[in-house]
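These are the structures in question, set out in turn.
Both of the next two complexes hold chain A, though its partner changes from chain B to chain C.
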Partner chain A sequence: MVIVKRKELSLMERLFLPEIVRALSHSFRAIFQPKITRQYPEEGLPTNEVTRGQPRLTLLEDNETLACVSCGLCEVACPAYAITIDGQETDRFIEREPERFEIDMLRCILCGFCEEACPKDAIFMSDELELADFTRAALVYDIDKLKRPKAALQKRIDYFYKVNDRWRKSSSTS
Partner chain B sequence: MTKITINGREVEADPKRPLIAACHEHAEELVPMYCYHPGLTPVGSCRICQVEVKMGEMPPRVVVACRTPVSEGMVVNTEAPGAHDARRQCLEFLLKNHPLDCPICDKAGECDLQDYSFSEGQGEGRSVEPRRKLEKRKSLGDTILLDQERCILCSRCVRFYEDVAKQPQLTVAGLGSRSVISTFADRPLHGNYQGNIADICPVGALTLKKFRFQARVWNLDKHPSTCGECSRGCSISIEVLRRREVKRVRPRYDKDKNKWWMCDHGRFAFDRFNADDRLVGGFLRGAQGLEPKSLERVFDDLAENLRRKGEHVLLVSPWLTVEEGELVRDLAQATGATTRFVSPAADTDLRDDFLHTGDPCPNRRGLTELGFEAVEAADVSTMLAGATCVVLVGESVGELVTPEALAALPRSIRLFLLDTRAYAAPALRGALGVPDASERTGTWINVDGHPGRLAIAKAAPDGVPPLERSLRAVQERLDAGAEVRA
Partner chain C sequence: MSPQTFEYRPSTPEEIESDDPVHGELMHLSMGPQHPATHGVLRILIDLDGETMHNVEPEVGYLHRGKEKTCESLGWAKFFPHTDRLDYVQPLMNNIGYALALEKLAGIVVPERGQIVRVLLMEVSRIAAHLIYLGTTAIDLGAVSMFFNCFKEREKIYSILDAYTGHRMNNTYVRIGGVFADVDEGVEGMLREFLEGFPAAVDGFETMLTGNRIWYDRNRDVGIITPDDARAWALTGPNLRGAGIAHDLRKAEPYSGYEDYDFEVAVGTVGDCYDRYLVRVEEMRQSTRIAMQALDRLRETRGGEVLTEDRRYVLPPKEKVMTSMEELIFQFKIVTDLRLPKGEAYQGIESSKGELGFFVVSDGSSMPVRCHIRAPGLYNVQAIPLLANRRLFSDMVAIIGSLDFVMGEVDR
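And now, the complex of A and B:
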C-alpha cells in the first residue's frame, strides 16, 4: 500500500486568485504566438518525397502503357495480401502486361514492400494519403485508378534511387 | 550394389545408374543438373554437375557426375573447392547469354537455372559484351512456344523425343552461340506428347502456349491426383489458381504408371474442371418443368421411386470411383435394380504403345471388379427401353450417353440425373449436381490394376453435395422405408 503525501499549498496558492491570473496570462500570450493547428480538410496534409502514401503504378514515357509486366513480385511481397494480378500477352517487345491489377486499399498497410520488390520501377508510393468512399468495393483500385504519369511520381523515384544507392554503398557485400 | 564414399559417408550405389543419381540419393548437398534427367540418356552437355572424384592413389579429378559410372571404392566430394569453382564458372557462362526475363518468364519460380544462380549468389554479371539476340517467340506447333534466347542447349527436349516418345523431331541446329533448338525445315511438332518437353525444360525456353502468362507458378496450389482421360490413370498434379480455377495439369512421378510423362490429351483436358454450366443443387419436375427443390426432397423422391415395383436401372459413369461404386452396388442390392456402367467408344486414333490406352473409362477395371457390367454408349437406349425408373449416376454420364439419347427417352421412364451438367429431357423427373474429378476424393483402378487416388483440388460449387453423401442419404431412406414395412 502506497500512501501519497500531498504537497502542502503555500499561501499564494491557497489564495487562488493569483493562480487564475497566472493561467490567464498564459492564454493571452498564446494569442499572439504563431498558430500551429492545421485546418485539415481545407488545408492539405504536408507531404514530401519521404511520405509513404498509397502505392501507384507508373506509366512509361508514352503515358499510355504501364511499366508493369505483371511479374507478381509485389503480389508475393505484400504482407497484407492486398494486390491481385493477372497477366496477359502483348505484341510489345516485353511480351507481358497486366490484364488485371488490383490493390485493395482497405487492406494496404502502406508498408512500401511492393515498391522495393518491383524489378521494373512500375510501382511507387505516391504522396496521396486520403482514402474515403461509400462502399468497400470502390476502394479496390484497378489499373485506371492506379496509373499515374511518371512525372507525378518523379520526386519519389529520385528519392528511392538515392536511398538505394546509399544503402548499397554502405553494405559490405558489393 | 557398389560401395562408394560420398562426402565422407560410405554408401551403396546402384552401378546401373550414373554417379549423379547416387549423389542425389545420398548427399545432403544438392548436385545441380540441367541436361541430366533421370528418364533420359545422360549426355553431359551442361557440365553443371561437376564433382570431385578420387580413385585409389590417383590425385582427385573433377568430373561430370551424370556421365561418370559408379565404380567400387570411389571417393566423391561434391563440395570440394575445385568442383565448386568449376560449377560456378559453368553457371557464369550459361548466364552470360541468358536474358534477364525472370519477371516475365513462366518458368520463374520453378526454374533450375534461377534456383542455382540464386543459391550461388553472384547477382551481377561481369560480362560487358551485349547478350546474343535470337528469336523470342518461335512457335513449334500448336502446343509449344520456343524462346531461343533463354535456351541453354541442354538438349533434354531433343533426347525426350529420341528416347521416350521414339519419334525424333527436334535437333540442335547451328553452331556456337547461334545454336538453336529446331525442327527439321521448321515443321511444327506433332504427336501426343509435346507438353512434356515444356515440363523437362530446365529454363523457360519451351513453354506451353496454353499456360503462357496464365499464372505465376508460386501462386498455384498443387494437388496430387489422377488423370481421368484414359484407363492408364497417370498420376498428375492439378494446379489451381486462387482455389478456384485449374490452370495447369502436370505429370507426377509414378514408377508404376507414367514415370515422369503424360500425354497432351490428358494434360489439356482440364477445361472440364473450369466449366461454368454446372448443375448446382437439386431439381424435381413440378407444374412448370424442373423446379429447384431442397436436397432432402430430391433424396426422398429418388428413394420413393426406387422403392416402387418395376424395372430399375442404375446407369453409372466410368468416372465413378471405387468408393462411390460400392455405394451404388449397395443401392442396387436394396432395390433389385440392374447396374451398368457406360462405356463410350474407344479413341482408337489416340491409342499408342506408350501411355494412352485409347479407352476413355478411367475406372473400367475398378468397376468391373465391383461387378458392374459395361454397356456401350450406343446401346444405352435399347437397354433402357423397358425400364420404369432410371438413375444416371456420376460425372459426365449424360455427356457419354449423349444428350440426344437422353432427350429421346420415352416419358414412361422416370429419369433421374446425378451429373455435373444439366440436360433437357422430357423423361427427366429429378436432377442433382455432383462434384467433378477435381472436387472429390476416391480411388480409380487403372488398366494394370494400380490404384490412383483422387484428391480435392478445389471446392465444389455451393449446393453440390459429395456424391457419396447423396448416395448414402438415398440408402438411409430406403432402409428406413424397409423397416417401416417390416
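And now, the complex of A and C:
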C-alpha cells in the first residue's frame, strides 16, 4: 500500500506566475518535438497484414470461382448479423456454391469472427478500411464487390495461419 | 493553505420574492445530455440557488442499448464484441472480464502465457483509460494542453494495440480460454519502448498539474467522500481508494495470476477530487511496473501457448480444420452451438473505474439465461448527488471528471 502524497503549495507555486512560466516552458518544448499529427486523408493510414479491415472473399487459383462452399458458418458466427448467404448446387467437385453472398458493410464491425469460422479459407479480412458511399444500398456488398484474387489476400492468410498455429504439442484425436 | 471555505446560507422568503440574482428563486437547470463535460450522455438535473446546487439528480439511460438482453439472444462467444462497447476506453479489459466469468463457469484454465498476455493487456488498457480521465478532466477544468499531452501518450498505446490486434479500438482479441494471438517480438519491443518512456511522461503531467494552483484550488477539498460513505455507496476502484480504503481486487481476490506481480495499491487520505487524481496518477506508475514485469515474463515463456487446449470451447487450429474431419466437426460445433455447463458464476476484475463484474447464468444450452454486468461507472454516477449537493456549481465539472465514468457501461 502506498499512500499518495498530497502536495502543499509552496510560496512560488501560490504566486502562480512563476508556475505559469514553468508550465508554458513545458508546453513550448513540445514545439521542437517531432510532429505526430497525420494529415489524413492526404496521408493514408499505414496498413499491413495485421490490420483487420473489411472482410473479403477469396477466389480460387483460376481467379473466377469463389472458394466459398456456402456452408453458412460465417453467417452463424457473425455477431452483427451482417452476412446473408443463399446457396445453390454446382457441377463443380465441391457441389455447393453461394448464389448470393452479401455483407452489409454498415453492420459489419470488422471483428474477424467470419474469418475464424470459415472452414474453407474463403473469407479473410483485407486491409481495406475506407468505406463511403451515397446510399445505404450501395454499401451492402455483393459477390462482385467482395471477391478478391487470392494473391491480394495472401499476406493476411499467411499471418492468420501463423497466429492460429496453436496446440503445437497437442495429441490430436484424429 | 486553508481549505476552501464556503458557507451556504439558505435564502430567506423575502429574498426569494426579490429580484436578488444570488438569493432569488431556485433555478432548474438541466445539465446534459449533450454537455461536453458530462463525459457522454449523462443528464444531471440541478436546482440552483444562486451558484449553489440543490437536489442534484443524475439521469442515466440515454445510451441504453440493451447489452445484457442482447447477450441472451446472441450466445456466449458472440457477445465478446459487445463487451468492447461497454467501457469503450478499455475494450480489452472488458473482454477479459467477460472471458474470466465464462472460464469460471466452465472451469477452464488459461495457459500461463495466456494469463501473462492478459495481465499485460489489462495494465496497458488501464493506463489508456486513466490517460483519458486525466486529459478530459483537465480540459474540462481549463488545462487544454494536458488534453493533448495525454492523448499523445494514449495514441502510442493505440498504435501498439493496432500492431497487435489490427484495430485501435474495440479490439475483440480475447477468447474463451486465452487470447486470440500471441504477442510477437515486434509488439513486445514497441511495448517496452513505450513503458520505458512513460514514467517520464507521467512526471510531465505532474509538472503541469500537481502543483498548478488552478488545478489545486479546483480539486482540493472538492467532492469529499468519507470512507463510510464510499463503502455505503458501493464505490470501488480509484474512487474508493481515494477515500483511504485500500481495496483492490488485484490484491483482494487475485485473478489471472496477479498475486505473482509486485505492485502497490495507491490510497488517498482525504477522499476529495485531488486525492482521486493523485491515486490515478500513482496507478499509472504502478501499472507500468506490472506491465514491465509481465514483459519480462513473456520473454521467459516465449513459445508457450496463449489459448487453452480444450476442444469443447476453443476453435481448433485452422491448419487442422482443413485437413482433419475431427477438427472440422469441432469447428462446426463450436461456431454454431457453443455450450457452457449448467450453473452460474460471478467474476469481478479491477478495471480502471472500479470493480467490473460479469455474472453469467447458464442452463447448459448455447444461449445464456442471464448475463448481468456490474458496471462500476453506474455506482460512480450515483455518488454525484452526495458529492455535489450544497456545493458551488463550478465544482460540478471537477466532481464529474474525478468520478470517472463512461456512459457506455453505465447505461449498457
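Rule of thumb we're sticking to: the second predicted complex is superposed on the first by the 154 of 174 C-alpha atoms of A that agree within 3 Å, B and C clash if a C-alpha of one lies under 4 Å from a C-alpha of the other, contacts with A are read in each partner's own complex, and residues count from 1 in each chain.
In this section, contacts are C-beta pairs under 8 Å (C-beta built on N, C-alpha and C of every residue); 3 or more make two chains touch, one makes a residue touch a chain.
All values reported here derive from a predicted model rather than from experimental measurement.
J.: Between chain B (first) and chain C (second), which does A:119 come into contact with in this model arrangement: first, second, both, or neither?
T.: both
J.: For A:95, using the defined touch cut-off, is the partner it touches chain B, chain C, both, or neither? Pick first, second, both or neither.
T.: first
J.: Taking the superposition on A as described, I'd like to know which of chain B and chain C A:87 touches: first, second, both or neither.
T.: The first partner, chain B, only.
J.: Name the contact category of A:152: first (chain B only), second (chain C only), both, or neither.
T.: Neither chain B nor chain C is touched by A:152.
J.: Please indicate which partner A:73 is in contact with in the superposed arrangement: first for chain B, second for chain C, both, or neither.
T.: Both partners.
J.: In the overlaid three-chain picture, which partner chain does A:161 touch, first (chain B) or second (chain C), both, or neither?
T.: second
J.: Does chain C touch more residues of chain A than chain B does, or is it the other way round?
T.: C
J.: Touching A:140, do we find chain B (first), chain C (second), both, or neither?
T.: Touch status of A:140: no partner.
J.: Overlap the chain B and chain C contact sets on chain A and report the shared residues.
T.: In chain A, residues 73, 76, 119 are touched by chain B and also by chain C.
J.: In the complex, go through chain A and note every residue touching chain C.
T.: Answer in residue numbers: 1-10, 13-14, 16, 19, 22-23, 26-27, 30, 36, 50-52, 73, 76-80, 109-113, 116-117, 119, 121, 125, 160-161, 163-168, 170, 172-174.
J.: Where on chain A is chain B touching in the complex?
T.: 69-73, 75-76, 87-89, 94-96, 119-120
J.: Chain A touches which residues of chain C in the complex?
T.: Within the complex, chain C touches chain A at residues 1, 74, 77-82, 145, 149, 152, 155, 162-167, 170, 172, 180-182, 204, 207-208, 210-213, 216, 246, 264-270, 274-275, 278-279, 281-282, 305-307, 309, 311, 315-322, 324-328, 331-332, 335-336.
J.: Mind listing the chain B positions that touch chain A in their complex?
T.: Touching chain A from chain B are residues 102-104, 108, 136-137, 212-216, 218-219.
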